[in-house]
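In the two assemblies presented below, chain A is common to both, partnered first by chain B and then by chain C.
Entry: the complex of A and B
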């Protein structure tokens, strides 16, 4: 085996490196560079502009935690808008619910979808469900034309630099608010509280969302391949509270198989460390 | 600045690297190599045998989580045995409680204590409290002579390889059981559930502890500089349950300042992901 290593700078002075068996794919799309690698420790993984998006071995954590909390709070969710998520992992988790009628998945870069279909079939299988409708479009442009349409919006964005930047603005969250129905929930990947630059992004996102949504809470998960391993998600809504309105029993009766998520962990994930609460409260 | 990097292999094919301003100390003690580095991102940090023990920037998470959960469950804890913990961080957190009468701290390697006193005063300040009594001794040898003496034992060990190995055996946990009083609690650092080798250590520790203690639970924390960032701790006891017996109100009235721990997070930390529960249940 070649002595080949993929490295990612979590900060300018912290580097995370993974030994690679082989680079399976590389291209420059109209929006970003797209690579797929095969690694010993994490299986295959996808990078966009040199940043790891998902690995076969820990993507289940991210995808379960960005989907199931909202579904367990409102069992009436039927229509979902997913922004980003070109790997199909979010769609795969949503498709586990029989009551779902429609999933609109808006991805700006068609090449991400095609590459994931070819190299990451365990996540891209989410596209196979007939209820999932893919539109290749700018997420901000799409959502600003919509009103009172979706029960749930999931923002599975890249970091707030490059193509993903607009998905962290107050303007965008305002459009999401209007695109949601009365019981609507917005879930977004919310960066990390640990390294200062990531923490500033988390703080800024929380400030913008809190200005738009009456309910705005943050929850956490352990995602080993993301910077610091400590990742946040936002749960914002017009009415429903992420723990007060949790339908534990109903969700448990559904018998949905998960490897990370459960309804006890759901409650636990909203119990944040003091330093994280401080970052968010001083947003 | 020299382009100097400290690297640690979290597995054979996963490497975590930190840029270093300067190596402040290096020695070979009778037990292990001891280094202290100054880094841009994490401040100063200590390594033993090439493994990071603590950094100035995230040690608060580890030390708060290994001390406060037990203290919040039993406000009557007066006498504590700490095994390992030569950096002083555990002693510092315990010393925040006025009811504590005696802390016996058993460290096998005197040089760790001396080096921490010189280079890591923010953690080593724990040794200054007059209730803390340091004994340079083998933890296993010390604890096996003791009966019905301590309210709390904290095992702040290195990984289960090298000098720390005996602190992960059923024999050792059995001696801890006998050294504890009727309401006694044992807390130990419990490795990580994510990478397979760490998960095997966590599984094995849980199996051994569960064979000895009637109550044996596991809780988690986000510790960015430890492998995968997902770290476990064990809470074992003769009687008291970590959440059913949690004295939330009492602890909150103490006004103890923490940056990670709070009593809501305490409950949340015991809500484990499914895959972690599986590792522990099949121990």
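Entry: the complex of A and C
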């Protein structure tokens, strides 16, 4: 086998490399470059603008952690808005709940969805659920017109440098607040606390969300292929607290199959290292 | 037809860079080598073309080769007989235009909402202004263009006037009937000067308001660095065929630097090529951005992003749809409050806010996502900050009473008096109000009780007053004696 390696710069002086068998796909869409590779260790993986979005072997961590914590806090969630998430992984996890009535999935780049359907069926299967409605649109623009409609909004964005930038702004979080019902929860991809540039993005996102939502907490997960492996998510809501209002028993009775998430880990995920607390406190 | 693909100044700079000419001339940083920190900040490519006039690169004061060619290309692209590259901003273009046209004691007809550079030029040359008060839109609180009746009456009342100056367009995008003004003014023997600081795109875009050169105006000051995309401080002065170009150059050289920056000059050259080759599509894109933003902003409610519906055949003869001007009064917020909220709360910097309006500058450099951010932030501001039943502000223009030329008053013996004691005296300095940016008083004008009241009102509303030596405008310099 040829000695082919995919490398991604996690900082200017830190590189993360994965040996690959071949590049399965490359294209320039209207918004970004889209590639799919086949790797030795992580299975297939998707990159956007040269940044790894998901690999077949560790995507379960990310997708479980961006969906299940909110579902375990509010069992009444029926209507969900998902922004980004063109790979279908979030939809796949949400579809595990029978009480869900409607999932609106807003993705700006139709090509991401098409490419994932072709090369990443393990996540793209989420699009097959009839409750999932895909709209190709700018997320900020879509949510601007919505009022008191959703129980849960999940922001599965790329990094805040590129098309995902608008999904890290105060105006976007303000619209989300407005689009949520009384018990509404906003979950967002919250960047990493470790490398300074990522930490600045995490800090700024937390500041903006805290200015908009009365409850604004952060939780963490370990994702091997993301920069530093230490990743954050945001949990913001109008009322519900992520641990005080956790419905452990109810959730455990549902019998949802997960490989990473469980309700004990849920409580633990909100216990943050001191340096992370500091970053968030100084947001 | 010349070849608009050519960029003579850029070609000259590339040639000297390729030839590795050894510099024993200024600037002393010697292609950046002598100032590593500056080179690191601005980049080696930038410093390596920060060079002085030399034979292969021509001389801005007396162009005979590459600058001359570049200016000829610009003249053709803009439909002018002559074009001058300016490196002191459009301020220098406006001032050179006026210095070339009127001299001590001559009269020049101006709308009152001129840029301060116009009146500053009158201080330099000693000409006397005759003002036409712009019509105003009371609901929006903005100055409009000049009405033809006012233009005709003023020319009839001052047959000795040498020139008339027209804003094409105003900051807000409003155009007077320039073609008719040119016709009437030329018939009366006046030259027509256009301040086109906000109108570069009129020369290249499709379905734009008429440009000064096309309307037959004699001179135009064009801010290439605004919608034209060149570097800040670079500008163009255009002349029609009735104007003696050599005299204009002499007047430019009175105040222009002899070390014209090649960064600025090459930016003019490159931007001219870009506009000549791709101007139509560029400004179609800008128009689409603005039209889209206008629709979305008007759909939010309370905001009024205005456009061609303001056209009334006279004081609003045409409207520049690339401009995104938005009235905020129905929101119960002053434009300047929305301007501050956008920056402080949403990290969006717009061009300006006055008492009733904001202006967001839209250009080819914009991206869809940023337009969406602006619209979304305005929508959030309405949701979070809207106030009911606030007293609306109405713009008032107080006709200036010109007692002597700005120059005579500026240089006269003066005395500083508390503001409230200045009524009846002749002002010796400028008082400008930002917003809305129109001079309240210029040197040589009578201070009236009404004006003192206006200044106090503007101060109370949080406007920034500039011009007077007394920074907080508690006192004014007025002429001694009387």
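Please note the rule applied: the second predicted complex is superposed on the first by the 283 of 283 C-alpha atoms of A that agree within 3 Å, B and C clash if a C-alpha of one lies under 4 Å from a C-alpha of the other, contacts with A are read in each partner's own complex, and residues count from 1 in each chain.
Assume a residue touches a chain if its C-beta (ideal position, glycine included) is under 8 Å from a C-beta of that chain, and two chains touch if they have at least 3 such contacts.
These figures come from a predicted structure and were not determined experimentally.
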item: Partner chain in contact with A:4 - chain B first, chain C second, else both or neither; value: neither
item: Partner chain in contact with A:269 - chain B first, chain C second, else both or neither; value: first
item: Chain A residues touched by each partner, larger count belonging to chain B or chain C; value: B
item: First (chain B), second (chain C), both or neither touched by A:172; value: second
item: Chain B versus chain C as contact partner of A:141, first or second or both or neither; value: second
item: Contact residues common to both interfaces of chain A (with chain B and with chain C); value: none
item: Touch list for chain C against partner chain A, complex; value: 296, 345-347, 368-369, 372-373, 375-377, 379-380, 383-384
item: Residues on chain B engaged by chain A in the complex (per definition of touch); value: 5, 11-19, 39-41, 58, 61, 194-195, 220, 222, 224, 228-230, 258-262, 264-275
item: Residues on chain A engaged by chain C in the complex (per definition of touch); value: 138, 140-141, 144, 163, 165-166, 169-172, 174-175, 178
